[in-house]
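Structure provided below as structure tokens; questions to follow.
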């Protein structure tokens, strides 16, 4: 369970990117985070695992206060938060297997990881996840030889390797075509269901958010302006999040049948 | 969940860079043998080292007490000579490098001229400055003229090569457009090539100015003028404070030149 | 009414440009006058005759001298190779200290590393050799150290610039897994700079072969010693042979370096 209390981030110059966000995500719930560019979606995700240091407020994961942790404690806590990125953020020059195994870096010592000597159980786990995301047999390919959708699958496998209880997902489909986007979203949802994972998915595609998420949160100028079920996302709610616009032309959810 | 983990392999090795095992091991063994032989052939004269190390320490500490004044006029004369060699050789080098670079560009020059220019460039780049300087000193006598000609020869190869590469990479659109207006060859170069190549030429010239100053500090060793002779003398007399002063001046001038040329290149972009 | 006149630049800018050219020309002219004043021109006019005389004495090369230069040639290659290896060993940590995104302490260690790089680069290999010969004595060791000391700056600068230009998303992703600082370097940074690392290493080795061929002139070992001795004894046919040997070594190293760099990219 993730609990954010009064989470605020102020960058050196400019307004607050986040101001006093309160949020509770129970285990197994997939939350889509929508909002205009610059609303603080990415900052919220990065404040949760402190890739960006929050200015004030608390982040608690399963009762542990993440914001109070020392550097070593933070590393241990980050293992429980798998992260998936917009541009995949794979290590381009390493093999698929090394990228997947890098999800275990928080669990193994430096020299073991330097010589790529991961425990046999980790390697079995990695082969299993590659199989699960549909990339069996790809382990020796280099990451830069894969297509966008395949890379995102490697990114998902890497996040799962951490044995997380929470997934932080930053625009997983922004670099993908519509069909691949749906496949990736479906995969993330299935995996969250199988493993009882909570997830915060930061996404700008409202139709995808509506179709796949259990719950939708709207962020505007760093403040929470909507929190509800997907079917509660009325034109009025969209206007509250994005500003006035004729929302009746929003594309339907079943484009690709 | 009923996933049978045991079905998956429990071991994985990163595929090696060189897939043939014999070749991989062969290269490794050869490299080890070479390294052992090379390190083994270093002769260390421990007695000499015992004398030298305190001297080295003295030299290092003299950097905190540099002596700019006992031989002040010699240092100033040497630096002036180095600077004079640097500017004249860079200017002359650019002047000669422009026709040479045009001639060495495959998309501009006829084949025989191309080959000739490439040969000049290759010889200028292969011959180390000091070797050229030895010959020029024999031919023109001791002094900065030999050094200046050495640096000119080195600069012209350096600039011409990079210039030719830049010319070969110009976009062909403007080339054809200008040619179709009925321009002469010179007009064509002036209008279609020069604007594309000019920033590169200025950048290269400034960069070469830095290099020439650094090199000019060396040529004095073989009598081709510049601050190197002063430094050599100071070291020969074990006047470490003077040597430290000279080195600090060189470092200062190099850094200043690098900084200003960086600023200028920034402005030109 | 006069028709409008088209000009490429404004008048003020045009003046500034002319001023710049004039200043440059004056500096060059002044430099030239300085050089010409201390040149013995009688000697210079004699140069073509001198050159002709020298060239005629240089051929044919003394091939039977070849066995005598094998050992110096071997030393030359060793100076370049071991010097480059030593430089890589020393410059790699310095580059990580100097790069803004990996430096552990931006206020102390970074300026320190940057000044090591600046000093090392400003001073030529030959000047380093000059200093080292007075400290460790003449020979191969002085040469190796001189090559290493100058290459640290070159190697360190190119490597730290490559480190600063890496894709930060990859390091961020590794940090997000709970990896330690060392692991972030090993997985997020090292794979990204490896091609530059290898490319610059061979490139510098190629340059160092050229440099170490002349180190002997100041007593720091290698074939330069024979070259210097032959020139001062006016043994021109030997000089020709040595130059051919150096030329061959340079060509081979250039070929090797080009092949290796092509294989990396």
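To keep things simple, chains are lettered A, B and C as they appear, and every chain counts its residues starting from 1.
The rule is short, and it goes like this: contacts are C-beta pairs under 8 Å (C-beta built on N, C-alpha and C of every residue); 3 or more make two chains touch, one makes a residue touch a chain.
In this text, all values refer to a predicted model and were calculated from it rather than measured experimentally.
Using the touch definition from the top, what's the fewest steps needed to get from chain A to chain B?
1
Where is the C-beta contact count highest, in terms of which two chains?
Going pair by pair, the biggest contact count turns up for B-C.
Round to the nearest whole Å and give the separation of the Cα centres of chain A and chain C.
The computed centroid separation for chain A versus chain C comes out at 48 Å.
Using CA atom averages as chain centres, what separation in Å is found between chain B and chain C?
Each chain reduced to its C-alpha mean, chain B and chain C end up 5 Å apart.
If I count partner chains per residue in chain A, which residues reach a count of at least 2?
Residue numbers touching two or more other chains: 98.
Find every residue in chain B that makes contact with two or more other chains and list them.
There are none in chain B.
Which residues of chain A touch chain B in their complex?
For this pair, the touching residues of chain A are 95, 97-98, 116, 120-121, 123-128, 131, 139-140, 194.
Across the complex, what residues on chain C touch chain A?
Listed in rising order, the residues of chain C that touch chain A are 167, 169-170, 172-180, 182-183, 186-188, 191-192, 194-195.
Under the touch definition given earlier, write down the residues of chain C that touch chain B in their complex.
Counting only chain C, the residues touching chain B are 24, 27-28, 30-32, 34-36, 38-40, 43-44, 47, 50-51, 54, 74-75, 78, 81-82, 118-119, 121-124, 126-127, 130-131, 134-137, 139-141, 144, 210-211, 213-214, 217-218, 224, 227-228, 231, 243, 246-247, 250-251.
For the complex, give me every residue of chain A touching chain C.
49, 51, 75-79, 81-83, 85, 87, 89-94, 98, 102-107, 110, 113-114, 155, 158, 162, 168
Show which residues of chain B lie in contact with chain A when the two form their complex.
Within the complex, chain B contacts chain A at residues 1, 3, 5-6, 8-15.
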